[in-house]
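Both complexes shown next keep chain A, but they swap its partner, so chain B is in the first and chain C is in the second.
What follows is the complex of A and B.
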């Protein structure tokens, strides 16, 4: 899919706010490894319908991070589970052995599954499928930084492809903090050396945050700035995701 | 825990809306906190914290190990949480694993800072013995003995108290060893180093019930929550970590409000906790 000729992946970048002071872009030492500016995201490519056997599926590339997500269900819950008035959501995130620069390193991210679950359950209308379960399986094919935000965005596309009713698409972006500079959508090298990180998952149309994690030491104005940066980027990312869904619909009609 | 009836649900939510909770507290008041240190003598440091009916134990064990390749000049800290089935029948077998993993990840996020080591509550450079070869590995274990809500705050407080209680043996490196060989070390039996825990943050969890949020939610109040945000604040007033639980979305302005409230509440909590730890340490020495 990446080899698709002629079509360049869409690029998004948060619009700069006038009152936001940008760090100096002319200092050679502050250049990012891939030449982006501090507040510029990597090119994002989404495609639905990547897996035939699944009810819904999606494939995402953001820079070199590649993720594939399958959705199965709603289907009957296992008998061991108790009766539930609302539907259940089951999430699993795994890495291929070749996803990381060193083979087999991806098994360290056990918490990604529960974080994906928390990010999605606020957006899905669980009351529409009582007593049943929706399974979301995500596989990271290549890990190149900001893996979890890409997984979350791709999973919401896969749920939409499966026809699961949702309040809104879910878009996710993260920011890394270096000393006093904020860097959006970090790559792997930046993530490994970051002083702190902030990840936001939100429903852009409703302007609601469904998941927020912060690590490292932040002052309150810095958190404010980072949150605003992420929310702007999420709104632009959601536009790309919507156009991907519309494109899939128009393709199937032809 | 048996589910609540509709009447109980309305009572709890109505009470919170009127700033009067079931046990008579206001929305931003903690339950009584008591701290004991040195409860497990064979560990390097240990503490027990009770927050109302929530009871947790934290212990610190230090072992000599090898630094990681990414940060050869820093020691290593790991945090694990065990949800014992003595706390709640639902924790039997693997029932508590998911909650334990969630708690330990949240604690690591809040206490260990960014990947570069900046912002960590402990100065990891002080754990180095020989750069690139020998360092102290700290294993912090949290145990949930009794569970009545707000486990994350209690565990955060217990870990802070346990680190205050921790003594690391002084290590002498044998002189004359070649640079290529593994250095010989002499671990002292009598000299101990203590941590500076003034930068270890406390965790404040704000639980949203109805249209208000409360601190130190009990189990019953947690069952009524739509979402909860745990904010880690240190003495300097900086945010050291944020974790959101519960699936319902929150408006960004509400989250910023919660951060302001958490900073305010954490000032009292830090002072209360520091005085409790100091008196517990004094009591242990006597």
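What follows is the complex of A and C.
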């Protein structure tokens, strides 16, 4: 079945997009579902001393995302663990069954515990509590997008409240990418429709990054822009966290 | 700033690479990838009918199962699964097989540092072997930062433990693609100058991160060449068998 010499065979090129267009997530006036501008974070509220039984604790509310973190220790490491010159950090992130729109959906994020550990490990002076373990338990009460950054920031505040020696407070912010737009502190529906995400955890006073996670496709200029956006937001967030700690100290002195 | 490494490599030198495809017969595609002593085996099953949990009427789902060398799967392995899943989702053309699931099983054979990049490279080679349509290939590399601020590529397990911080980077392999013209432009730059996944561990300055990005991109060109040669060898040998 030879074709004609001159004619070229028709080729099939798979199209990456479906015919029907998704409804745009953003309005024409470049506003987001909750009315914020692209580079505007949600209002944040922090409070320490939320759990009396813990060595230190903190409650954070960023938009509709609500998180509570308790810190226990430093306490003796389990017998099974080998001797260590430096302290150990044990992190656990869990979701309440009612945290997500669909019941029990939070169990999909089993990797959060490991990511929280990585984010905090670089900021804690582990040498100050050898042979012991600090336990960090985070509970997401309500999930409304950007859960991990809120958990990390809240955990850092709880560690400070517990008197754990740290190089600096840790602040975390995430950015989502939609075509050419960068959207800071995305909500749940934005996270579900994003082309890529970038999350930075940093120590603002030292201008050091403890964790940077990029997923999706990013060009170098866009990464630089996203990083700068996140670092600026982290600096502002750290100010709020510091003022929260100062308030807690002044209240206890009174 | 030169650094002496235990195995005699220069800071920019990668360990010897070995990749073999189609090593499992029951899977739709498989590949083994070794970087020095680190070795990972990846198998791909699918696309198969989507399960109730993962079905999506518009896109194919990708499921990643990480099998450690010994013992049970832990928090770190769960994180690796998530990273691998997100990376593979961004290179696969998922609209071609809607409502299906492709399973990628990653078995760690031996871990001697840079395990995650090794697993990503193995999974990518296995997807190619299975004939899953991809936008482009992905190449992964590990960079680490010493206490003195020197950047080392492809560290071993011993080197990783001594490092201040390290980064796993995944770059797109090429701008030659099945996608329409201009769709691989991210802003004004071609996507080949971009990045797909980046995971850091440990504290580092922003400048250190950007230096690692430069070094990683330079090294990814060598990895890309190796991957391409490997795929070309496979396709030519298959063609000769068919002939």
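Methods note: the second predicted complex is superposed on the first by the 225 of 254 C-alpha atoms of A that agree within 3 Å, B and C clash if a C-alpha of one lies under 4 Å from a C-alpha of the other, contacts with A are read in each partner's own complex, and residues count from 1 in each chain.
Please note the rule applied: a residue touches a chain if its C-beta (ideal position, glycine included) is under 8 Å from a C-beta of that chain, and two chains touch if they have at least 3 such contacts.
Everything quoted here is computed from the prediction, not taken from an experiment.
Student: Just from the overlay, do chain B and chain C fit on chain A, or is there a clash?
Tutor: In the superposition, chain B runs into chain C.
Student: Regarding the shared-chain residue A:218, is it in contact with chain B (first), chain C (second), both, or neither?
Tutor: Both partners, chain B and chain C.
Student: Could you say whether A:192 touches chain B, chain C, both of them, or neither, answering first, second, both or neither?
Tutor: Touch partner of A:192: chain B, not chain C.
Student: Contact-wise, after the overlay, does A:163 reach chain B, chain C, both or neither (first, second, both, neither)?
Tutor: Once the two structures are laid over each other on A, A:163 reaches no partner at all.
Student: Looking at the overlay, does A:210 come into contact with chain B only (first), chain C only (second), both, or neither?
Tutor: both
Student: Once chain A of both complexes is superposed, is A:33 in touch with chain B (first), chain C (second), both, or neither?
Tutor: In the superposition, A:33 contacts neither chain B nor chain C.
Student: Could you tell me which stretches of chain A are touched by chain B in one complex and by chain C in the other?
Tutor: On chain A, the residues that contact chain B in one structure and chain C in the other are 110-111, 114, 118, 121-123, 196, 203, 206-220, 223, 227, 231.
Student: Which residues of chain A touch chain B in their complex?
Tutor: For this pair, the touching residues of chain A are 110-111, 114, 118, 120-123, 177, 191-198, 202-203, 206-220, 223-224, 227, 231.
Student: Write out the stretch or stretches of chain A touching chain C in their complex.
Tutor: 13-18, 110-111, 113-115, 117-118, 121-123, 167, 180, 196, 203, 206-223, 227, 231
Student: Across the complex, what residues on chain C touch chain A?
Tutor: Chain C residues touching chain A: 58, 75-76, 78-79, 81-83, 86-87, 90, 93, 95-96, 133, 135, 165, 167, 172, 178-180, 183, 186-189, 191, 193-206, 209, 213.
Student: Along chain B, where are the residues that touch chain A in the complex?
Tutor: Residue positions touching the partner: 70, 98, 101-102, 105, 109-110, 112-116, 118-119, 227, 229, 234, 237-252, 255-256, 259-260, 263.
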